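So, here's a batch of structures to check.
What follows is subunit A paired twice: with subunit B in the first complex and subunit C in the second.
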Partner chain A sequence: MLKIFNTIKIKLQSKHKKDYIDIFVKALFFLTTLISASFIVIIAIFILREGIRPFIDDYDGIGRVNLIRFLMGTTWLEGQTFQSNLYGVGFIIINTLYIAFLSLFLSLPIGVLTALFIAKIAPKRLASVLRTIIELLAAIPSIVYGLFGSGVILKIIYEMAKIFGVQSKGGNSVLATVMVLSLMILPTITALSEVAIRSVNKDIELGSLALGATKTQTHFKVVLTSAKSGIFTAAILGVGRALGEATAVSLVAGNARSGPTFAFFETTATLTSTMLQGLKETIGIDYDIRFSVGIVLIVVILITNLTLNFVKKKIGNVYVK
Partner chain B sequence: MSNKRKRIDNLLKGITYFSASIAAIILLFIIIFVFKNGFGLLNIDLITNDYHAKFYNGGIEEVTEFSKTQRPSHLSDEDYYSEKWGIALRDDLDREGKAMVIVSYISEDSPLYQIYDKNNDDNDEFMIEKGNLISSIKFEDKASALSVYGAQHMIQILNESNQFREIVFSSLGGGIRGSLITTLYIIGITLAIALPIGIFSAIYLNELSRKNKINQMIRSMIETLTGVPSIIYGLMGLAVFVPLTVKYTPATSANLISGSLTLAVILLPVIIKATEESLKVVPDDYRQASLALGANRTQTTFKAVLPSALPGILTATILSIGRIIGESAALIFAIGTAVKDNITIFGRSTTLSVHIWSLMTDEPANIELASTIALIILVIVLLLNLIVKLISHQYLKKLA
Partner chain C sequence: MKKILLVFLLALVLSVSACTNDDAWDSSKNITVYTRDTSSGTRAGFMEGIDFSDAAENDGLLVDGFLIKDNTGILSSIEVDQYGIGYISLASLNDKVKGLQFEGVDPTKQNVVNNTYGLKRPFNYIIRSLDDFANDTERDITLAFVAFLNTSDGADIITNEGAISLSSNGTWDDIKDQHPVCSLDNSSITIKFGGSDSIEKIALALTESFAPKCGNFVPEHEHTGSSDGFKRTQGSEKDGDNYKHVGFASRPFKDSEVGSEGTQGQLAWDAIVVIVHKENLVNNLTAEEIKKIYRGDFLTWDELL
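Let's look at the complex of A and B:
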């Protein structure tokens, strides 16, 4: 035994000692990398495991959730009073997509034009100030946006609804949700579009100018078109953020229990705001269903991303750097 | 250039000016809103006080000696002082605008130091302190002195009496000490977990790994993590880390450790990416020089490459702190929404951001306190971001 130890000792003391350290360090770092990478698998496995239970388990007589009804349903019944297995998430999926794309519709033009301004039009000083403003906006936590939404935007919308002669539940509405989300994804879209606009080849611009187009014409017709692939990427990330945003939305959406709702002043619900409802339970169907909604959210985000990426490819590229 | 063209150009240019101003206006509005609503409550008491008010019933033995302390000179005209009982009271309004009577001074020889806790036999530290609210003083032989009649009335009745049956008082409450401490704990624990794992992974991916299928797959798996919404991370914390910590620690439910672990996973891709970026900037000459001098890979990485990448890692850390302070959705699941005053790392409690969420989902919502917390968060997060900007600016200057 002692002999073995001595040989190991001698081996370690020999000039190869450094190599052992190298091997050890490499193994350790590989392990941490594996740990980092494994979390995506852990997320998938555990959310799937918990989220599938409502469709299999009987929950002591409440009964299992019908998958078809769950995916197509237009009402969400929950809580002890209902003892319910009648969850319908179909209308919420539609609401979520509707709201996400409306938000994009609002903030994409503003974001892209702001990016164009920062990258091409603004004087250097102003551009760097604006860039800082965009960075600060991006750094503001979502809960603060939610607070701003329920403190300011809800009030504005409540007054607006009165002018239109529509009932609104304290301002909680589709419009409020869309506005809050637009504010939140604006910095993302602006920052990414700016990068895209900056990476447009200077030659294309110069060519346009040489042909007699004005600077503004060049910016709008040539630069923006050339950057459209990058701008589309920004839009994809913006939609992704809008779909996944939770706390701010839950403060202004109004948590509608049925739908889908398309009218601007009606309350609505998104997948994330539904997941945040009724946090009191720690066991049972109301707890597990949250994971099922989580699965739906992941699938919706994945499908949206794939579709948009497909569209992006179809649109094609004028110029890729 | 025709006049028409000029007009169109100016119009288009104007649109971009208008769009760009929107971002500035939004930022301004948010800051004004948070300041306007939150600044009123912001003071040192808010930060040091407990959130939950504690109510006490104080009884009193026979008073043998009354206070001899004169009215202290630092008391203002609004303070009503009873020389006999050595206590000064003042009228104030609570957050709902209701009248309350607050203790603004209590002398050391006040007979009120001899009161005992009627609800708890062995409460040794029981006493009325500066900042407590007096809701009523009840007497054997006359009507109670209630806080609604004001401090002057209360002092008047006290001066006339030599004995009372009971004094009902409470601590102020509404403070955010608990959430603040939780946030600090969470920052500490999360960084302790996420920084080593993240930095090691980045070093592996950038310095040590070969370019092969497995490493590429690992890389894309880590990249996928960036797109996952934080509420999904919260679900993972709920499904993985909460049961794990309940099993292996004294915790019985969601706790600070499970919250920190969840946040650490959220931060991993951020830290890995930032560290990798800063490693990529380090010139290859450094590595080759170090290796040529006979140093091995480990020495090269730790002594030659990492020091140069330090500013990048520092910025990643600072940004992570901002992210931890701001995160809400994941933590609502991973540590819960219960606002607590006694913080243990194995117990439930909540960070400042989640505190805002609980305040806003309460009925009725407490926008003032929520804004005050938001103000604190906003100042910290924006400062951190400006610091990062400064560091990277300096660093870029140095490189150039």
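Let's look at the complex of A and C:
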């Protein structure tokens, strides 16, 4: 045993063998990268295989789902669950995007201002406490947000609707969904914006102050402008989370079966909440169609991210270290 | 942006302070209809109970703007929504909502067991004719299983799965001496269970618990619907490839489904209760009225008072 160990040791010491180890480590890392990267392919193949079935399989006489109709539909399902091919997600796509961007609209300003406060204004002690709190907020599982939503936010929305003279459906509404989602993406946006704000070159800031600008002017006009690329990244990730969130949304959205819905107190549905609905119990075409919705969701997220990235590039990068 | 935020915050504060609602229940308001999704067995039982079976798997027949929630979702929504109506399994009824009388009968476990509460369905079982088993061991295990259904051990499992068990007679330990077959090693014996898929969950839980108590026999489940319960034990398919030792039906046996004596029985009730908000003035609804609410013929509570 000792002999083998010594031989290895000697081998390690020789320069040639060192190169050998280098190659081995490289290969190992390449292998791990390959494994993690291949999961995306495996998942994509799995979802595609299941999700394409409704458009090509006949399901013993029920018939294929018409792709155009599916993408343009304004009712989730016409007819009986296990015996109809008349599914449509058009209105749900619109609902999903509407809700995601409303949530972003609500949480982006709050998140960015919080980040600015933590990074630039708050005393060091307070800043680190606040940062921990924000991190804790990010660590809360989505089902807890969902329960909080259905237990607290729904009640608030229901009473709020009354003040506006609307009879809301138990609070299940666009507004409730947007509030829950805003809460969920807030920590993401705050944390990333803070990093962006911190990495703004100190010299620009000092320059601004030296030119006689007040601290507030500097923060808003110089720091935030310089960090806008990073803030935009935060927004992109926020939208991504809002689009993909399922558990919490399905508890407060009301799962409307037709649409689209734009009114704040009306019930709505998102792609994810539709996929989740009855997933454990359903079979046949009604099960497979959920994978088709999954494909639509992936495509929607992809397109949204690409668009936002394009916009981000247009905005450009200013003096970030 | 500042203004929008301010207005929003103001509205939030206002609404929180308004949470102590003291405004009276207003019967001219619209009814909010809550339902389970189309794959739910409770929905199927409910729709059947109010004579609206077509709507069990078809959302298109329901009133416009209905809401889909699961059991707990309906329960917590009705707590908040003063004008909502929904249905849940009787096991989950609590005093935060109002469980309505059905055709004038209170939704209590007692009324379900004494067969006066109407919005329910029986969970029945049927076994092969006693002289129709391939061998004595299979027959004895099947009989032991039926005896197990009536013990408190069996009743606990049924209750856990959300149904209402019938009165039980002692524990399995009390009666296991009457079933000597269970003290043998039965791991080579397969007992086949089938019939109603609504009972599948309960049947699985029952056999999972019972098999170790009875010589580790192998339970095989294939649940394909209530009609196969009789057909595959004593009916036309009893000697076919997919014969069963025990069949289940989540409805009463029909006149054409009478088996030989002592082979049929009931293991549980599945009861559903219609719930509304506590302030709701309605106390009693008939099957017809509920159907009309879910179909959209009645849109406001006024029409029901």
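Basically, the second predicted complex is superposed on the first by the 278 of 321 C-alpha atoms of A that agree within 3 Å, B and C clash if a C-alpha of one lies under 4 Å from a C-alpha of the other, contacts with A are read in each partner's own complex, and residues count from 1 in each chain.
Heads up, the rule we're going with is that a residue touches a chain if its C-beta (ideal position, glycine included) is under 8 Å from a C-beta of that chain, and two chains touch if they have at least 3 such contacts.
All of these numbers come straight from a predicted model, not from anything done at the bench.
*Asks:* Specify the outcome, clash or fit, for subunit B and subunit C once both structures are aligned onto subunit A.
*Replies:* Result for subunit B and subunit C: clash.
*Asks:* State whether subunit B or subunit C is in contact with more residues of subunit A in the superposed arrangement.
*Replies:* Looking at subunit B versus subunit C, the one contacting more residues of subunit A is B.
*Asks:* Which holds for A:77: it touches subunit B only (first), subunit C only (second), both, or neither?
*Replies:* second
*Asks:* So, A:19: does it touch subunit B (first), subunit C (second), both, or neither?
*Replies:* In the superposition, A:19 touches subunit B alone.
*Asks:* May I ask you to decide whether A:159 touches subunit B, subunit C, both, or neither, giving the answer as first, second, both or neither?
*Replies:* second
*Asks:* Tell me the contact category for A:172 with respect to subunit B and subunit C: first, second, both or neither.
*Replies:* The second partner, subunit C, only.
*Asks:* Which partner does A:109 reach: the first (subunit B), the second (subunit C), both, or neither?
*Replies:* The answer is both, since A:109 touches subunit B and subunit C.
*Asks:* Going by the contact rule set out at the top, does A:220 touch subunit B (first), subunit C (second), both, or neither?
*Replies:* first
*Asks:* Check whether A:262 is in contact with subunit B, with subunit C, with both or with neither, and answer first, second, both or neither.
*Replies:* Touch status of A:262: no partner.
*Asks:* Would you check which partner chain A:310 touches, where first means subunit B only, second means subunit C only, and both and neither mean what they say?
*Replies:* So A:310 meets neither subunit B nor subunit C here.
*Asks:* Now that the structures are stacked on chain A, which of 167-175, 203-211, 221-229 or 239-247 shows subunit C clashing with subunit B?
*Replies:* 167-175
*Asks:* Shared contact residues on subunit A for subunit B and subunit C?
*Replies:* In subunit A, residues 109-110, 150-151, 251, 282 are touched by subunit B and also by subunit C.
*Asks:* In the complex, go through subunit C and note every residue touching subunit A.
*Replies:* Answer in residue numbers: 1, 5, 8, 11-12, 14-16, 18-19, 21, 23, 29-30, 32, 34, 37-41, 57-60, 65-69, 73, 76-78, 80-81, 83-84.
*Asks:* Going by the contact rule set out above, which residues of subunit A touch subunit C in the complex?
*Replies:* Those residues of subunit A that touch subunit C are 75-83, 106, 109-110, 150-151, 154-160, 162-163, 167, 169-172, 251, 254-257, 267, 277-278, 281-282, 286.
*Asks:* Spell out the part of subunit A that touches subunit B in their complex, as residue ranges.
*Replies:* 18-19, 21-22, 25-26, 28-30, 32-43, 46-47, 49-50, 109-111, 113-114, 116-118, 121-122, 130, 132-137, 139-148, 150-152, 183, 186-187, 190, 214-217, 219-220, 240-241, 243-247, 250-251, 272, 275-276, 279, 282, 290-291, 294, 297-298, 301, 305
*Asks:* Using the touch rule from the top, collect the residues of subunit B that touch subunit A in their complex.
*Replies:* 1, 5, 8-10, 12-13, 15-20, 22-24, 26-27, 29-30, 33-34, 37, 196-198, 200-201, 203-205, 208-209, 217-218, 221-222, 224-225, 227-233, 235-236, 239-240, 253, 265, 268-269, 272, 296-299, 301, 322, 325-329, 332-333, 336-337, 353-354, 356-357, 360-361, 365, 367, 370-371, 374, 377-378, 381-382, 384-386, 389
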